[in-house]
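Order as written gives the chain letters A, B, C and D; numbering starts at 1 within each chain.
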Amino acid sequence: MSLRRYRLIISCPDRVGIVAAVSGFLSRHGGSITEASQHSDVSTGWFFMRYEIDADRLPFEMDGFRQAFAPIAEAFAMHWQITDTQVPRRVVPLVSKLDHCLTDLLYRWRSGDLPMDIPCVISNHEDMRAYVEWHGIPYHHIPVNPQDKAAAFARIAERVDEARADVVVLARYMQILPPDLCARYAGRVINIHHSFLPSFVGARPYHRAFERGVKLIGATCHYVTDQLDEGPIIEQDVIRVRHDDAVDDLVRLGRDVERAVLARGLRYHLEDRVLVHGNKTVVFD
Amino acid sequence: MSLRRYRLIISCPDRVGIVAAVSGFLSRHGGSITEASQHSDVSTGWFFMRYEIDADRLPFEMDGFRQAFAPIAEAFAMHWQITDTQVPRRVVPLVSKLDHCLTDLLYRWRSGDLPMDIPCVISNHEDMRAYVEWHGIPYHHIPVNPQDKAAAFARIAERVDEARADVVVLARYMQILPPDLCARYAGRVINIHHSFLPSFVGARPYHRAFERGVKLIGATCHYVTDQLDEGPIIEQDVIRVRHDDAVDDLVRLGRDVERAVLARGLRYHLEDRVLVHGNKTVVFD
Amino acid sequence: MSLRRYRLIISCPDRVGIVAAVSGFLSRHGGSITEASQHSDVSTGWFFMRYEIDADRLPFEMDGFRQAFAPIAEAFAMHWQITDTQVPRRVVPLVSKLDHCLTDLLYRWRSGDLPMDIPCVISNHEDMRAYVEWHGIPYHHIPVNPQDKAAAFARIAERVDEARADVVVLARYMQILPPDLCARYAGRVINIHHSFLPSFVGARPYHRAFERGVKLIGATCHYVTDQLDEGPIIEQDVIRVRHDDAVDDLVRLGRDVERAVLARGLRYHLEDRVLVHGNKTVVFD
Amino acid sequence: MSLRRYRLIISCPDRVGIVAAVSGFLSRHGGSITEASQHSDVSTGWFFMRYEIDADRLPFEMDGFRQAFAPIAEAFAMHWQITDTQVPRRVVPLVSKLDHCLTDLLYRWRSGDLPMDIPCVISNHEDMRAYVEWHGIPYHHIPVNPQDKAAAFARIAERVDEARADVVVLARYMQILPPDLCARYAGRVINIHHSFLPSFVGARPYHRAFERGVKLIGATCHYVTDQLDEGPIIEQDVIRVRHDDAVDDLVRLGRDVERAVLARGLRYHLEDRVLVHGNKTVVFD
């Protein structure tokens, strides 16, 4: 748990010798692989890999690793990334008035359940200020004026950058991120959608689930793109509902699924378990 | 288990006194209620009820019951129905080449797991004949000519009527029932759809689930109406899939969900646990 | 949701006429049954019933109801109880250092997710004081001296009585309640046990689950009796674990199941959905 | 699906260089790794690995592979095994009168869902003969005389050996295998137990689950050892039960879990996904 590890994430065209090259490199430097996952996507001919490596046994730090590994990465045309488990990611939640997801994230932060820092929380409402500030976390109230959303989102981007955020979490934020921010933070904005996508894309999914009479409702954690509710899915789950559950009950039951799915999806992301390829994800859970 | 029971199913506009009237009627005749379920739908003002009654303690048979109960039913404008647990329903499966749902139904019939008779099986292919006939069940091969589907469906209706079917089960039949048959057997045709509706309405749901990269796939058991895949949902369930599951794996995993969901949905129907209202169902499970 | 309702809970020897007598009584007084559940236990010959009744349509308050209903209750030898949905139950959590269950209960209290008041929190440690007091809830620190547990539990009982608690929740309290308190608060103390009982009765269930190599771990919400971990079970659930989950991971995954199972079990209790009979429960969920 | 692959399974003491050695060996011979799983057990210092390798790209057959790989295996003190996906395992089910697990296995065999051959079925009763023989599979009736069980088990062993069985499946066989057979077929006998072990070890688990009032029942697929119900667990699952489920209902609901858990556990075994270590399993699912 407290051991320092590097996480090496690779995706590249599949061919013979990738594993041998990477594991040979590590072996030559005395590196011990403590966790390994691989996937070859036959339909696209693409290869995906995630290694956890005992960092203390290697003769170099992150920069040294990057330099030494570069030739191999180049030879196989790898997209790759190395991270240090002792440097927690910086996560900035965006929230509105609904507090169940944020409450859960703060609990998981404070208890060490999720490996992250929360440099600040941003909201278009004041409702959560007291609770957030009790945790010693700065709270930025940035109202979103329907007539001038651009101004609000410019301020949000400023705050996100200032906080050096690695990840932005839309924790039931209820506002649509403009395309320029989607592009700017591509692969770094995670949303929790309150339906089992692609069912009930768009607004008021619980009402529509009630009207359709489905027997399960769900939630979806996905990366945000400029295609609303269409981004790569990280995690999903469902919960059973009954004929005597009114819309209010679906909303209540849904809260538990939403926060659970968001927490799992965010964990996968924070632990570098998610590799995006096209509009799909490889999740090494 | 072996006790003979009546099942009394009622739906009507909600008002004070329904339960008192029905239970009072039963009490006056010495009837013992062995299982009871009720639901008041606040949004539509409609009342739903299901009683199981110890049949041997009542002083009359089904016909006598119907006659004695009629005045109460009329007073409350009830839609109602009484059935006898010792008269198994007659279920006619329609199948194509995929055999997992039919195999499961035959197992549940033969083991007494589902309380039903299967007077015959109808298929547009010969594939399942030997297996069905081994069970001593007649097998009708009725090919569906794309140029003249009406003729085939006329023959099917003939066989269904001849078999005095209470229920028709589309056990992955792969053909769309024409509107006249949907109307003729309204509320008596049950389909198993290989997706978690309303996701992936229409054809090739597993392929589309694969392309969208969902993390759960599902199946839906519903009554057939002339609106394809839009009928009242009886039961649904899902199963988890991973990035390394190809379409073939989704199909394989889906088979287990399909047969489980169909079996549960059909059980609810056979035990008179499903009350349809509009395009939704009350399921007293 | 905001409608005022009475909940009538009955258990008694099964015989003809109970439902007729109760529903007839309600009908005569204009009472509308908005939710109804019944169960006849064939093996014990016992009958269980739960009604939700529109309180505003009845011509009397709780006391008047009790008086008017008493003759019927006597005639059928009923154990019975009536409660008012507008009078929230008073729940006193007992906690130790582990905070996940308490955090969840406080969230559900503050958001109105669970219908209850929390007059105070009692703990044998100071750890949770600041968090609890931020919610405006008094926090009583009552250390448990292993040499003189009786003194501590006497003080606890005092605080519980002072708070007029309807329910005591052992939210991972880590101390065993003495038999006299089990008796004094019989049917009113709810525990969350961190295993899928009866597996791993006793101490360190996650360690033993790890050693046994089970593929699912679970949690159990039950009423406390003087037989440790043997009280009537209200609710249980499980979560999947893998070979690469260490004991620490089981503890982490288990936290999510524990709080979910406790919340569901407590909800059933608060909504009068749990009827205890012998060492088992009827749960009208 | 139809590609021919080798599966290489390795367990050995963990140390630097294992992956590099194995993947380097494969790379040198042009071998492409199509699926890879690894696990380092920190508590025991043991390493586990499973590779699927494109067989057609290698310059040797199984025997050649074994010879070429032997030096590496020796250097790392590996327990290892290589199998060919085009050689299906030979599975011999032992059954009694309960037919749900066998029916499911036969369905999965006949549909190609499970990659196996079934050379024969052995039973202490005649009940399943007709059904098994319809599939063209020989059926051996070997009654077990309580006064002379040894004789029966000697005959069973004879039939198992004659059939060159790779795996013996106790598909609700209801007889306890004697210690000498447990030893003789160690790691090759799979049992399905009708409880969520370690709950309700021993006889009549559904009756005891009913008496204890649990809210979930389960099933466990495990390797058979001479310690009854104590062997390494491969797979488990549960299903929800309610207060109105009698023992008969638990038995009925349990059948669905039993056959599902057995099918999944057997699949893992047949696909070489299960590595036993001590009394636990690593399952690369």
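Quick note on the criterion: contacts are C-beta pairs under 8 Å (C-beta built on N, C-alpha and C of every residue); 3 or more make two chains touch, one makes a residue touch a chain.
The shown structure was predicted, so the numbers you read here are calculated from the model rather than taken from an experiment.
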Taking contact as defined at the start, I'd like the list of chains shared as neighbours by subunit A and subunit B.
C, D
Using only Cα atoms to place each chain's centre, name the chain farthest from subunit A.
B
Just the number, please: Cα centre separation of subunit A and subunit D in whole Å.
37
Intercentroid distance (Cα basis), subunit D paired with subunit C, Å:
41
Multi-chain contacts in subunit B: which residues touch at least two other chains?
35, 39, 42, 244
As the complex stands, subunit D meets subunit B at residues 1, 35, 99-100, 103, 107, 111, 113, 134, 244, 248, 252, 255-256, 260, 263
So, in the complex, the side of subunit A touching subunit B is made of residues 39, 41-43, 196-200, 212-216, 218, 232-238, 242-244, 246, 279-283, 285
Residue numbers of subunit D touching subunit A in their complex, please.
14-17, 19-21, 23-24, 26-28, 30-40, 42, 57
